[in-house]
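Please read the structure below before turning to the comments.
Naming follows writing order (A, B, C and D), and every chain is counted from residue 1.
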Amino acid sequence: MHIAADSDAASRYVAVRAATEALALPLSAEDCCVQPMPDASPTKWHLAHTSWFFETFILEAYEPGFRAFDPAFRVLFNSYYQGVGQQYPRPRRGLLTRPSLATVLAYRADVDARMRQLLGRADLLDEAPALAALLELGLQHEQQHQELILTDILYLLWCNPLWPAYSERWAAPAPGSEAPAWQRFEGGLVEIGHKGAGFAFDNELPRHTVYLQPCELATGLVTNADYLAFMADGGYCDPAHWLAEGWDWRRDQQINHPLYWRQEGQGWSEFTLAGSRPLAPQQAVAHLSYYEADAYARWAEARLPTEAEWEAASAAPGAALQQLFGTLWQWTQSSYAPYPGFATALGAVGEYNGKFMVNQYVLRGSSCATPAGHARASYRNFFPAAARWQFTGLRLARDVK
Amino acid sequence: MHIAADSDAASRYVAVRAATEALALPLSAEDCCVQPMPDASPTKWHLAHTSWFFETFILEAYEPGFRAFDPAFRVLFNSYYQGVGQQYPRPRRGLLTRPSLATVLAYRADVDARMRQLLGRADLLDEAPALAALLELGLQHEQQHQELILTDILYLLWCNPLWPAYSERWAAPAPGSEAPAWQRFEGGLVEIGHKGAGFAFDNELPRHTVYLQPCELATGLVTNADYLAFMADGGYCDPAHWLAEGWDWRRDQQINHPLYWRQEGQGWSEFTLAGSRPLAPQQAVAHLSYYEADAYARWAEARLPTEAEWEAASAAPGAALQQLFGTLWQWTQSSYAPYPGFATALGAVGEYNGKFMVNQYVLRGSSCATPAGHARASYRNFFPAAARWQFTGLRLARDVK
Amino acid sequence: MHIAADSDAASRYVAVRAATEALALPLSAEDCCVQPMPDASPTKWHLAHTSWFFETFILEAYEPGFRAFDPAFRVLFNSYYQGVGQQYPRPRRGLLTRPSLATVLAYRADVDARMRQLLGRADLLDEAPALAALLELGLQHEQQHQELILTDILYLLWCNPLWPAYSERWAAPAPGSEAPAWQRFEGGLVEIGHKGAGFAFDNELPRHTVYLQPCELATGLVTNADYLAFMADGGYCDPAHWLAEGWDWRRDQQINHPLYWRQEGQGWSEFTLAGSRPLAPQQAVAHLSYYEADAYARWAEARLPTEAEWEAASAAPGAALQQLFGTLWQWTQSSYAPYPGFATALGAVGEYNGKFMVNQYVLRGSSCATPAGHARASYRNFFPAAARWQFTGLRLARDVK
Amino acid sequence: MHIAADSDAASRYVAVRAATEALALPLSAEDCCVQPMPDASPTKWHLAHTSWFFETFILEAYEPGFRAFDPAFRVLFNSYYQGVGQQYPRPRRGLLTRPSLATVLAYRADVDARMRQLLGRADLLDEAPALAALLELGLQHEQQHQELILTDILYLLWCNPLWPAYSERWAAPAPGSEAPAWQRFEGGLVEIGHKGAGFAFDNELPRHTVYLQPCELATGLVTNADYLAFMADGGYCDPAHWLAEGWDWRRDQQINHPLYWRQEGQGWSEFTLAGSRPLAPQQAVAHLSYYEADAYARWAEARLPTEAEWEAASAAPGAALQQLFGTLWQWTQSSYAPYPGFATALGAVGEYNGKFMVNQYVLRGSSCATPAGHARASYRNFFPAAARWQFTGLRLARDVK
């Protein structure tokens, strides 16, 4: 794992931390406190937990004379690190009206001041490569929570019948610039997984060889117009398109359109971070579950790509794939599993990825909510098949006959 | 139903409304927004709903040129009045980060200004007795929500592992001043139900005759020390003391002490509006479910009084009953049911009480959280048997052999 | 508690026990084994539990050299007597494919042989009045389970899409013979509760005085035709008729007609012990929940009677009430509660009634499934408000204006 | 898909069908009727559904003058084929006391007679290869249900506190014959998937190339003694060994030993088809969930094999792997997913496998309950990660450092 040169570390730290707080600016203390469902955490919790990460994994280990900002936070803002100790239950994060947003911001400021002091010590990062790695991990972790702040607040605001906007200025990602087409890839022996000196999460390693059959991938993402055609053709009503588990999920949850769509008169609107907007036909269809993505693909006589196909195609010379990054995460048919030779880090930080490798599906690319520079071709995002509140879409694949 | 003279109505309105807002003063906007369980509403919702009551039932009917402060509030802050229309679902009240607390306070100010203008019209109340009755009902309703603000915020703060105090100055009710004793009542034909010209809810009417057997009531409430003896004797572990449904409830919820008690070392503390406090042995034991109150009574070779016994005893000449009002609501063994000849008001306001008369139990008296002047001997409070977050205690009764 | 003379006891025992087994004759071993919901027990379990009652409460105490038929049965067939020890969980009764039906019938035969031997001892019942009382309680208990065998098997067969009949010869109770009318009762001081030397359950005692307002009761039960008018008038769709809890129950369970009704073309059929039958308009409407009975009554500008009204009216001289017994149990608005001075028997048998006195409503009369001679005017049946699988109907009451 | 020569088809049909009925012989009609949990079907249902398969997919298409044995069975015994029409809900299969076991056996006899008549027509299978394929699929399907009859009845009998044996003569599979060891496989390009002319399910196709890293597989299965060491080392109490979802599952279900184990004094017993037996240390540990298998593997500093590793290793020349077949199904870390180029059959029969390819994990090999000749190296069994009632065990794998 490679990290930034010493001179850059402190300023990168400052920039990433500031970006998180900027995301909270349009929100009131009330907005930041409430938890709309167990999977979606309050903004305030995200603000605190990301600070907890630096305090627990770096300051506690490296700061001379370390004293916790508030010892209670060790439990309150521990997400899931059993190695650190107890955790306040996830579904109850929204009950924490105290500490207040102001106190959490003070917590952030305190951690930042101490981190800057630590990072100011000459040669520290060179002498302590483990610290350098943890620093980078903390910043990458913070960027992941930046995206979660947006997905979680979108869900909260959507629960409000007033449909308030997060920010009127939020801009939807541009539609694909060209007509969709199929791009062929020959397969064979390819390498996937992270390569090179830049940062990568442990789950992207080790780089390894896989053998792929030839296939075709769509150059663009499935659009709202495409998806409306699926719906108009009774796509939500015909079990032939659906995984059995997806069909039951659809029936039990009474689902018949993407999460944030709403019928208005003859047309559809979509709830976005900019508020409710008329559905834009050429934009990529968003906030689909794996089940819906898979059903659409079957209906379209195609399938979801595997993550290896996606990664190999994204790196193929001459590939014309659009919308790989910055629009929507793209469901793959690959269950989230360890790469051959996968090993976790020692200690509690080793719980970061590995223990979630069951009953989740890999998403590739990145979304309009992903911080710039955060993602890469080998990046493996993952969510359960029923998740819809993330910025999830799909790119079709098909076998070469 | 009798109401205050015209000249007093406006000032009484102002006083009651101000008292509600005073209760919110120790709370942040975050505290006011969150809903810790479906039964406990956010303070902000209470602030808004009580205003909705005046706006919907009085201003909409009597204000010239009525315009709603915000038409969306008609649904958002309708608690359960089917006759008014749809209601925003109760378990989701805590998701309403918008309207903000500031907006809700502006809503209150707007309603108050319009109400004062309305009440300032000479002779209006005399000419419109229905309005006068609605005004008084609205104020009584607001007082009921004043108590709920306290019970609901206590529950919320208790959910927080930091156990923040609502107000350090909150004072527990004084213990009973005399040694407990049994007071005998002869029974026979007695009258219960509201009498006289003062306000009463419809469920206190009509006053009617009941025939009672002789009985004895305890002069004081069961204390923490009493209840500790029950616990020390294995009271929570012996099914012989419990209603079958209570025993299952206790087992499924893993309940073995009153709601807000917590063992600390060898002793117990109790979470209160003033924060966590050592358990005071002589104070009345609080926050019991009906099941616990009933089990304690059986263990003590006594029983819960009926509501008729309670009311008759409270009015008996020479009665030495203490702690009737102002300490804790007292469970009775009486299911909440209509009095003979009970009739509801016409229109949506008729939904106030009658439709809840099933599977709830009557509590009599009043609590330390009840606004001064709100309760009376004929007052019928009611909650389901499992409810513990109200200020509930018990007074024993027994048959005369 | 009075019981039969010695010479009659044995023959009465034989007759009651034989009647139970006769009820199982139309059923296969499979029919007798399955449990369709937690509230409805398998026939085999009823056959065994009623024998367990005699074995546990009589043979174990009075039989010289008592040895259990099978020690495991002490737990398996204990319904809810904590005083006897552990109970096999009620919702799992249907998993007991062993002991087989044949073994359970052998268990019955063994208990019967030992009971007959015991009862054959001269003067035993005179010398042991407690035994005599237990014997009568056991027989009354067995009769209660005779009715439950019918209600539970009806529910099971209704779950089967083949709608098999329990017995083609099962005859519905005759409709009321006269036009419905209101019968006035003057109220005042009346006595209710069991009187005289015959058997009564502890919950019918002590007989005591109550004061009643004047009221009117319908001479007959509400009919299917009456109920169809309620439905045609949108009775299931208008919350104004419903208790709040009933309205939510109706919505959550998607209920819009009585339990065993089914629309067929333009008409309705009803599933009965004789199989599916066209709905008979003049028969009493059956299998209603308390919520439905209460909603119908409000719609009809009436109410449910109290249990005291029902009992007093049934005993009034000159009363013209029909269908008091033998058609359907009649919901009252009375919550199941102890009579003043109520006391339970000592020991485990004291759990028979008292511990269920919460969140249930009293039904009076008896049904077409009640064994002849079992019920009486003071009899108090009770079920939760949502129960519909019993033979429940309603008789209207109203206040005298 | 290759099938048996014409002359053999009828006798093979008879043999497979008879084997199913032989499994039901030790069971009473009651045993055959009850459903202990939604995942485990009654024996009677298995007997009927396997007949339904032949009647629906073969007789209905090929029998001249086809008439259903009972038209209601088309829905009652349709497991999950949406293409055939409605299905009686799976969790309610145990409510079907009718049709009786006798009727279901008559149904089997009728289907068998008609099938034999059909199969007796000269050259039919040669002329109708689709029929031949369906016949073989039906027989393979029936064999799968033979195993399910055993797993489901084992679960039912275990629910009974009397712990009755299915058959005293049921013999546990022999332990591995040699000391466990690691066997190395070099990986590289290998082919997996069905090859050759014999029958295979669609999910084993197409045969295709995969690239494997070198690895080591254990020559035998993990034993009860091994697993006891894991437990003695606190394996169920240390989250470090567990997938996060597995840890929550363990906590919520209060799981701390394999499904059918029970502590007796100082030792353990295991419930088997032969009844309760002292735990045999050298036998393979059975009835583990994926979560438990994975936790054990981490504790043992190993991992689960992938299905490709398992299949390649089983076919490797010189491989010394024991207990591949006939002891226990072996969890792999591979999520159940389509092979590259996977295609389902046309029509309802195409629902056989493909629609279940989400949130399940592949098991390889076969178990002591699998009919002889049914499984093969390319066979893909699959169950959700929490499933424990199947005959599931584990074989360790590890990376080559």
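One rule holds in what follows: a residue touches a chain if its C-beta (ideal position, glycine included) is under 8 Å from a C-beta of that chain, and two chains touch if they have at least 3 such contacts.
Not measured: the values here are computed from a predicted model.
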item: Partner chains that subunit C and subunit D have in common; value: none
item: Approximate Å spacing (C-alpha centroids) for the pair subunit B, subunit C; value: 37
item: Separation of mean Cα positions, subunit D and subunit B [Å, integer]; value: 58
item: Rounded Å distance, subunit A centre to subunit B centre (Cα mean); value: 46
item: Contacts with two or more other chains, residues of subunit C listed in rising order; value: none
item: Those chain pairs that satisfy the touch definition; value: A-B, A-D, B-C, C-D
item: Residue ranges of subunit C in contact with subunit B within the complex; value: 80, 82-83, 189, 208-213, 215, 239-240, 242-247, 290-291, 294, 303, 333-335, 337-338, 340-341, 351, 355-359, 385, 399
item: Touching residues (chain side subunit D, partner subunit C) in the complex; value: 28-34, 36, 72, 75-76, 88, 92, 94-101, 156-157, 159-162, 164
